[in-house]
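For clarity, chains are labelled A, B and C in written order, and residue numbers in each chain start from 1.
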Amino acid sequence: MGYTLVYTQVLEFFPYLIKGAWISLQIAVLAFFGGMFVGLVFATIRTFGNKISNKIVIWYVTFFTNTPQLVQIYFLFFALPEFGILLSPYVAVLVGMTLNAAAYLCEIQRAGFLSIRQNELDAAKTLNFTLVQQVKYVILPHIMKVLFPPLSNHYIIMTLGTSMAAIFGVEELTGRAFNINSETFRSVEIFSLTALVYIVITFIATFLLAIVGRYFFKAKMRIIQ
Amino acid sequence: MYQIEIKSLNAYYDKLHVLRDIDLQVKKGEIVSLIGPSGSGKSSLLKMLVGLLIPKSGVVKINDQAINYHKKLDLRTVREKIAIVFQQYNLFQNMNVLKNVCIAPTKIQKRNAKEAEEQAVNLLEKVGLKDKLKSYPDELSGGQQQRVAIARALCLNPEILLLDEITSALDPELVKEVLDTIRLLASEGMTMLIVSHEMSFVKELSSRVVFMDNGSIVEVNEPIIIFDSPKEKRTLDFVSKILKDK
Amino acid sequence: MERLIEEIPSFFTIWNIIFLGKAMGVTFLLTAIGCLIGFSVGGLLAIFRKTKTLFLLPLRILIILYTEIFRRVPFLVSLLLIFYVFQIVKISDNLFLIATITVCLIATAFIGEIIRSGIESINQTQWDAATAMNFSYFQTLKEIIFPQAWKVILPPAFSFFIMFIKDTALASQIGVMELTFTAKILNNKGFSPLLSFGTVLILYFILSFPLDRFGKYMEKKLVSDRN
């Protein structure tokens, strides 16, 4: 074999590595909420809009869900300068992930809209709720309950997706792993450690999301596997 | 000599003590009914006998042979002697009626396929479903599905038949057809343990009635005594409440 | 803009078209092999994960660990880890092989979970009836559970396949000649990034969209069959 695993050399870089996780979190959260907002607008258009805007959103969603996020970001990073728009790596990744998320989150939120239009509105009307009361006491809680699991799931997917920012030089978790690798060349140690950090991060995230989902939104979430 | 002998049997579902110190003896050809409130352990007792609930302590003997429910070989043996029909019929959704009935005899008991199929057809005819051989479970009514389940249990050639609330999931108008089938079997001398809420049926058919409450056997006696003049207060409370509701 | 239009004929040469076509094939092959292996081995993992004997407990723990690891690590990190392990162990330096192995490992974890879900969706009562008739664990799976579970397994499994096509884009990072790497090469050769990446985006779309439509059609058919 001729190679011994030496983790100690790598462990001194551990704090540097972990701080990268914070950047990953930033990207994931920003892109997620950005995507949710845009996705909400799209979902609204799809549910209530006219034929033309509906078609436009459909095309947008179809395009972004049938092409890879990596290539979308490549396009933003390399092709936009042709039009004079220069994006920094961080911004390119953020915009790319947001646009991508918007497509998926549009579909998820649209499903949420569709799930309430039938029964609940009738029930609320028969109870003489005002429109505001309907939204506050019936529609919103129901939507949050239905949407929370798929949204959480997509958030976890996006957290893992932030690792491609490393390709553009962003110093999030994977990016820092790249840097440490080029300094120490202890590749297997670094990337296995990075993998471990991702595992821990996703476990914590899944656990927290499950707790929030269960107790705040009464969503059906499994807390432990 | 008893066909079924249960002594000091205790069983748990996780932490819940569902069967407490059960003592019961059943002779060959007897029809014993189990009655009692929900959660009293009646179904658990039947499930325990076929090994779907493993007892923690106690002895079970079938034909004077002790059964160790922790041993795979004993489990196989006891399931060859005892067949169970469930409340929800539990037919296999991916097979038609005929296959449902003869699959275990063919694949598990390794009997001759033709012979098993012949017996299956006979049994299905007996329960009145001759023209439904190729139908699938979701095409049948509850009563029909339950009758298929009975035929399926009988095709295993068991010595003992367990019936776990087999009419409870049925619409009222479908109950009679199933009860008639059981009457037919009773007249042929099959040993049966029946869990039921159909009190008149229980009274008519059973040689003995067992009243269970909270996991224990409270009273065992002939139907006349259990229903008209029970010895225990709990039995009296239950029986009068049930008969009042009717 | 005019420069772009000028470039089009020199971009779409026969050579480039074949180059892109081959890359599409590599992308599809990676995905297909990954999902095929993922389905078979994943199925085995699901089957053994749900056994109940004490004897197989170590195996069950291993399967759970494996599944959790490969589902919670980003594709890129898994890929690089396996790449560097290969460098040390010196089995092979074939990039396609390394990517394929990574793809298989990841797909197995995900599809294994989908199959496990499918098995678990079948009501416990079916198991009770089978066990009471002396069906063994494997007999029950073969005769009763899987014939019912495949309808629940197929839609999400197919969804995964379509999603996986996009994930293979990351194989470009170790130099596998799939679509994304091809886009980078063409871009580096001097072609407009709009053309390079734009065309590749469209090619991915051509791969993915028909499959997506087929998947939705299949799902509709399965639902109507059930009713």
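Keep this in mind: contacts are C-beta pairs under 8 Å (C-beta built on N, C-alpha and C of every residue); 3 or more make two chains touch, one makes a residue touch a chain.
Remember, it's a predicted structure, so these values are computed and weren't measured experimentally.
Relative to chain C, the most remote chain by averaged C-alpha coordinates is B.
Of the two chain pairs examined here, B-C and A-C, the one linked by more C-beta pairs in contact is A-C. Once the centre of each chain is set as its mean CA position, chain A and chain B turn out to be 53 Å apart.
Separating the CA-averaged centres of chain B and chain C is a span of 47 Å.
Chain geometry summary: the mean Cα position of chain A and that of chain C are 20 Å apart. Residues of chain C that touch chain B in their complex: 125-126, 128-135, 139, 143-144, 147-148.
Interface of chain B with chain C (complex): residues 47, 50-52, 75-76, 79-80, 83-84, 86, 88, 90-94, 103-104, 107-109, 156. The touching residues of chain C, when paired with chain A in their complex, are 64, 68-69, 72-78, 80-81, 84-85, 87-89, 165-167, 169-170, 172-173, 179-180, 183-184, 187, 192-194, 196-198, 200-201, 204-205, 208-209, 212. If you check the complex, the residues on chain A that touch chain C are 1, 3, 62-63, 65-72, 74-75, 78-79, 81-82, 160-164, 166-167, 174, 177, 187-188, 191-192, 194-195, 198-199, 202-203, 225.
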